[in-house]
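Note that chain A is present in both complexes that follow, paired respectively with chain B and with chain C.
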Partner chain A sequence: MKKLINKVEDVVNDSLAGMGAAHANLLRVDLESQIVVRKNAPVQSKVGILSGGGSGHEPMHGGYVGIGMLDAACPGAIFTSPVPDQMLAATRAVNGQAGVLHIIKNYTGDVLNFEMAAELAELDGIKIESVVTNDDVAVQDSLYTAGRRGVGVTVLLEKIVGGLAETGAPLEQVAALARKVNSHGRSMGMALTACTVPAAGEPTFDLSEDEMEIGIGIHGEPGRRRLKLASAAQITEMLATPIIEDLELKAGEQVLAFVNGMGGTPLIELYIIYDSLNRILTGKNIRIVRNLIGNYITSLEMAGCSITLLRLDDEITRYWDAPVYTPALRWGM
Partner chain B sequence: MKKLINKVEDVVNDSLAGMGAAHANLLRVDLESQIVVRKNAPVQSKVGILSGGGSGHEPMHGGYVGIGMLDAACPGAIFTSPVPDQMLAATRAVNGQAGVLHIIKNYTGDVLNFEMAAELAELDGIKIESVVTNDDVAVQDSLYTAGRRGVGVTVLLEKIVGGLAETGAPLEQVAALARKVNSHGRSMGMALTACTVPAAGEPTFDLSEDEMEIGIGIHGEPGRRRLKLASAAQITEMLATPIIEDLELKAGEQVLAFVNGMGGTPLIELYIIYDSLNRILTGKNIRIVRNLIGNYITSLEMAGCSITLLRLDDEITRYWDAPVYTPALRWGM
Partner chain C sequence: MTNQDIIRWLDRIADELRANTHYLTQLDSPIGDADHGTNMNRGFSAVHAKFPTMTAMDIATQLKTVGTTLVSTVGGASGPLYGTAFLRAGGAVASKQELTASDIVAMLEAFLGGIIARGKAQVGEKTMVDALTPALHAAKQELDQGASIADITAKAAAAAEEGMKATIPMLATKGRASYLAERSIGHQDPGATSSWIMLRCLAEVCSDR
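Presenting the complex of A and B:
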């Protein structure tokens, strides 16, 4: 196992310490509670936006804490759900008396722990709404999930909903937009290589030199099928077609296209995938009017990519375009 | 070789096509001339800022074309200098009658070809200044270089000088700031793995499972020494110490700290390196007042990192902070 780490058991803590030192203008890291919190939280009368999940998917979620996106993130151990205590501490830290939205990727552990944290927070008198993302069209159930997995849409949703929350909108409206964004987006991923969880020291699965896995999850969970390596154009077709069909995208519609790297794939390759995706959508007269290309929801050093398409309407586009300032996404400020 | 590509010979073109489609609001890609040009170039009475070099280092340089950074980039084949014709076409495209600055990383091919392009441009009556970056403290000469290699400082320099050029400053002033930034910055890198140039199909070098290369170049050129894998803290020490000594950084000074990923290293590890770097500098009472952490000057899918420290003064800080809007760096707009 070749990694830039110190002790295996310190990976998450050391990385959080670096993040706290690097972005002290935006956020603070509480290593004891294992939470990342917007510097000036709680913002009075603003809905607090909280997400969390296993580490190993950086910059998600800690890299999205700041202005106009998340108010807090609770990172678990690598590929492991955070615990309810973390979620409760983060919820309290961002409660500005307007309620807190929990954004949860659909994995069994995350869902259960966030449910428990919400119950505890409500005992404190904090109003909670929860939204579960489940945008992965690859498989219906998986190793860690009942129902579809939550993947790339989560990043887009956190940005869009964070933009609305910044305007002082009430919790119900923020939660409704979150549910709409989730329903408007679908994703699918693939891997060329596995990744190695530091505590395990071995790759999460084996893939031979001429194989790829289509429909992979962000923890290396098996996907739809294992195939011989194909061209970027063919791979893009395999990922985009199920998304377009599931979303029932029609000619004339506008989308945000998100080409995400899994962590070990260089940008030069992601732009090749984007080129293919643009050709496929243009051929169907579906217009890409916004895009995001890079490593935003990763699986450690896995090589591969995912595609997310998000059907746009005026409201979603407005809050996607709204100013944001976080370690990983920044514009308008 | 596992890559998300179509034909090996189309890698650069396909990626540039994707980049042109994705960022049409900022730039245009001329596939015939193999150049990436700011959308509204030439900007009249503004110094044109041009850089270029082999592909495989994305987002450098094409990802830095836009507002407040580069006016154009000329990407060569992977790890291969662009040719003088590309550089000349890009120079003409960004000539707004205030002259053009060529930013050249110190590799023999790049330097010779940019010299020839500058001569040709001057025959056209275009005033040219050239600055060569040579910030890599690892080795004095290398496989592709007489003198030190140009690496991480190039990214910072392009941002800072681009900020000044946007104010309408004259060519001599822009070139002088470029030379100052180069003299204020030093870098050193390391690799955990090699990378594979698509046309070669084989890794650029061999490194066994328990080895790393300290002082590596961005094309996989040999570094200072090959060692057994060490901890992130030890690696950071090995990279930072020669930089601090070479820059003669003193207690009380302020720096920009840039922790760069080589392409295949996940962000969670880069923050661990940043944490160590912050401890080392804090221990010497050298203050990090700006930072940049991520994949900005890469070697395809190589795993590893580099550290760059840039001594700050008011002028450099002002233009680092100035608004920028490119595919890869964006703030203030």
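Presenting the complex of A and C:
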């Protein structure tokens, strides 16, 4: 294992300390409680927006704390859900008396820990709404699985919902928009390489030079199928087609196209994927009116990408465009 | 079984989980996210650190302390699952100074009940439930036949081991492994393995008494 780390057990803390030092204008890192909190939290009368999950997906979630997005993030150990204590501490820190929205990616660990945290917060008298993202079309949403995983849509949702919350909208409205965004978005990912969890010390799976995994999540796990490596255009087709079908996108519709790197893939390749995606959608007369391209929800140093399409309407577009200022996303201010 | 035996049990679990951290994490690599061993070791190291304050507690308080400590330190799916299991186990032996054979079976029943209540898994879904359910059945059968605590826990551990091995050909329908569908077949479930380790430690402590 070759990584820029000091000690395996200090990876998350050392990185959080760096984040806190780098972005003190936007956020503060509470190492004791293991949370990242917006600098002036709690913002009175504003719904607090809180998310969390395992570390290793940077910039998600800590990199989205700031103005117009998250009020707090709870980073767990690498690829491991955080614990209820962190979520409760973060909930208290961002409660401006307008309630708190928990944004949870659909993984058993995250769901169970957030469930316990919400029970505790409600005992405190804090109003909680929970929204679970489950946009990964690689997983069947059936009785035979834990349900679709929450992946790329989570980033878009945090931005859009954060934009609405900044206007002082009430908790029910913020939660309703969150559910709408989740239902409007789908994703699928692929890997060219595995990644190495520092504590495990070795890659999570072996993949030879001419193979790829299709239908991966964001935890360095293998995907649904292992295939021979294909061209960027073919891979884009494999990822985009199930998304378009599942969303039932029709000619004339407008989407946000999000091409995400898994952490080890350079932008030059992500733009090649975007080019293919643009051709596919243009061919179907589906218009990309917003886009996001880069490493935003990653699996450590894994090479590969994911595609997310989000069906846009006026409300979603308005809050996507709203000002945001966080370590990883910034526009309009 | 006394509160000192409980500490011995927990101490053994902490030792075994430390020794098996890499093994459990390896089991969690092909069908999970390579963290189960690390998660469990983190939790039981935290439990171990609380021993000085735990030795004077009664059994129920000890088990509840384990539960809250696991909830606060493990994370992942196993934190709330084992956390709830130990909390319920403690609830089942409230105010007991010493556990009889039937108390131990009641404790195991509550332990499994906690995992089912939190995780909603049934037998055959390739989870901890598949090690613990046969273990509970075996323990109940032994209890009905008037067996000793040592025999009850030994049979429970043996049944857990069988149950753990039986997860290998199973198709996972709960937790992370379910994302892999057919590709989950052929791998032993990490959570069933840590459950077996806990029961094996219990049997070892009970046979040493």
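Just so we're on the same page, the second predicted complex is superposed on the first by the 328 of 333 C-alpha atoms of A that agree within 3 Å, B and C clash if a C-alpha of one lies under 4 Å from a C-alpha of the other, contacts with A are read in each partner's own complex, and residues count from 1 in each chain.
Methods note: a contact is a pair of C-beta atoms (placed from the backbone, for glycine too) under 8 Å apart; a residue touches a chain by one contact, two chains touch by 3 or more.
Since the structure is predicted, the reported quantities are computational estimates derived from the model, not experimental observations.
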Determine, under the contact definition given at the top, whether A:T145 touches first (chain B), second (chain C), both, or neither. second
Identify the partner contact of A:V83: answer first if only chain B is touched, second if only chain C is, both if each is, neither if none is. second
Name the contact category of A:V100: first (chain B only), second (chain C only), both, or neither. neither
Contacts for A:A165 in the overlay, against chain B (first) and chain C (second): which applies, first, second, both or neither? neither
Taking the superposition on A as described, I'd like to know which of chain B and chain C A:A121 touches: first, second, both or neither. neither
Check the residue A:A303 against both partner chains and state whether it touches chain B (first), chain C (second), both, or neither. first
Going by the contact rule set out at the top, does A:V43 touch chain B (first), chain C (second), both, or neither? neither
Chain B or chain C, by number of chain A residues touched: B
For A:L267, is the partner it touches chain B (first), chain C (second), both, or none of the two (neither)? first
Complex contacts: residues of chain A adjacent to chain C: 54, 76-85, 107-109, 112-113, 115-116, 138-140, 143-146, 149, 197, 199-200, 204-205, 217, 219-222, 224
For the complex, which residues does chain B have touching chain A? 2-7, 11-12, 14-19, 21-22, 55-56, 58-59, 63, 192-193, 209, 212, 229, 231-233, 235, 263-276, 278, 288, 291, 293, 295, 298, 300-301, 303-305, 325, 327, 330-333
For the complex, which residues does chain C have touching chain A? 22, 25-26, 29-30, 32-35, 38-39, 42, 71-81, 118-119, 171, 173-176, 178-181, 183
